[in-house]
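One structure coming up, written as structure tokens, with questions to follow.
Which chain is which? They are A, B, C and D, in the order written, and residues in each are numbered from 1.
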Amino acid sequence: MSIEQMISEHPDVGDDYNGALGQAVRRAMYCAAICNSCADACSAEDMDMRQCIRLCMDCSDVCEATYRVSTRRTGHNRQLIRTMLAVCIHACQLCEEECARHDNDHCRRCARMCSECAEDCQRALETLNDEAHADAEVSTFEHDAA
Amino acid sequence: MSIEQMISEHPDVGDDYNGALGQAVRRAMYCAAICNSCADACSAEDMDMRQCIRLCMDCSDVCEATYRVSTRRTGHNRQLIRTMLAVCIHACQLCEEECARHDNDHCRRCARMCSECAEDCQRALETLNDEAHADAEVSTFEHDAA
Amino acid sequence: MSIEQMISEHPDVGDDYNGALGQAVRRAMYCAAICNSCADACSAEDMDMRQCIRLCMDCSDVCEATYRVSTRRTGHNRQLIRTMLAVCIHACQLCEEECARHDNDHCRRCARMCSECAEDCQRALETLNDEAHADAEVSTFEHDAA
Amino acid sequence: MSIEQMISEHPDVGDDYNGALGQAVRRAMYCAAICNSCADACSAEDMDMRQCIRLCMDCSDVCEATYRVSTRRTGHNRQLIRTMLAVCIHACQLCEEECARHDNDHCRRCARMCSECAEDCQRALETLNDEAHADAEVSTFEHDAA
């Protein structure tokens, strides 16, 4: 089952499917789940993992909102998708950095997940910035042409 | 990246990994995302999709809570996992039934997703019920032995 | 700002506003927030709070889904509201019991919150069960009259 | 029951309670609930409300993540709270603008809610920016003093 195909079947998407954004949605969905699991696993460890629990819970919440907002294609809200992708990159980088300090398998897996999520959100953000430039050019052109 | 492997790396899990429950977590995570997408796609359709939007949003919320609760392995809360799996099966069946009435690709995909999620939650629920029976037997045995 | 008034302004509600259900929505919304805060506060305590963190996170997730599902009035999904209210009562009772074991102000506050939420969900559940009985009577009557 | 008092009872908070941030948490919690309700009510209206449904669902998701992240006080993640407050202001302004276009009671209530939430997040953001300046001064001072 693919969330990317699901988005491509949205009635307003048609040929205009943004693959990088679809990929970021899928990664942020996974990262929300992995960070939720890591927060729980950290709380069962014997060493002091409180900062790691905090960052994992925060990252899970941010990834969750990011993937849900970035999934939608009805009407328009692209600028909000851009700001959510940016804050998601931020949350993932902070969580990756903290998880990378710990030697547990779950922390190492979570750090990799956060790193991949940040990369995919970055790539999606660039395509949206490109589109924004293209839109700006079109609208400048239309203005000049008027 | 696998949420099932992540759960198996929890410090309290060890050899005791419940594969059916891990699979249900993954499916419910996906089903939350697919239903969130279907609610949005339905709102862009020209026909009256209000009942479908409602059931997809409800199903997404229930799947989300189900997968998050069912992921955790610290301490114990198995009885709550059981009741959440049961309500998730219920939500998925209602959403599948409604989505199956519509001819859109996204509704058909969402119906399949809900059906698969309900099946996996059912399978996971049975393993937990079996464990509960086993626990009850052990505790009866312990009681008799005392 | 009142979530109860908001629900009463839904176009399909009219004179049919269920006050007990509106009250349960507000309490479950608060309980989701209080449990989220208690999980975080518990992880900062020096004693072993892992079981309490687990139950607070679980309860927060369940309350969140419960209030979101129980808010909606478009079309119909009353049976799912009933099952979510029931699982919410369960989650709140488990969390209250665990929090009541600890002497921290935040745990005591969280225990009270869970207790109030369970009561309000119980009251709302009873009104929905009454309505279900009434519906069943009406439909028996209609059947007899036919 | 008060989420602000709850946060003030966190073991790491002590005298250092940020009232403006506590108020923003409460407002964002409410705004998540009101926007979730407005999206549902909009889908029951007879006119074309698809853009309003979209913005309300997006705003609900963002407010939800914002209040959950902004609640936590264990360890530190203040920079992420700042970026979430900023994106929450953005989401609320977009949603307010759209809801203000419609004459339904629920849209007018949602617009007011979004406006209040944006204001409180702005106020909280300013206190955090002030603290950041203060920290920077302290750390400059400490550096100079070393």
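Keep this in mind: contacts are C-beta pairs under 8 Å (C-beta built on N, C-alpha and C of every residue); 3 or more make two chains touch, one makes a residue touch a chain.
Owing to the predicted nature of the structure, the values given are computational and were not obtained by experimental measurement.
Common neighbours of chain A and chain B, listed by label, are C, D. Counting C-beta pairs in contact across C-D and across B-C gives the higher total for C-D. A straight line joining the Cα centres of chain B and chain D is 30 Å long. Centroids built from CA atoms put chain C at 20 Å from chain B. Averaging Cα coordinates per chain places chain C and chain D 23 Å apart. Within chain A, the positions touching two or more other chains are listed as 40, 43-44, 50, 53-54, 57, 64, 68, 72, 74-75. The touching residues of chain C, when paired with chain A in their complex, are 39-40, 43-44, 50, 53-54, 57. Against chain B, in their complex, chain C makes its touches with residues 50-51, 53-55, 57-58, 61-62, 64-65, 68-69, 72, 74-77, 79-80, 83-84, 86-87, 90-91, 94. Put simply, chain A touches chain B in their complex at residues 1, 3, 5-7, 9-12, 25, 29-30, 33-34, 36-38, 40-41, 43-45, 64, 67-68, 71-75, 104-106, 109-110, 112-113, 116.
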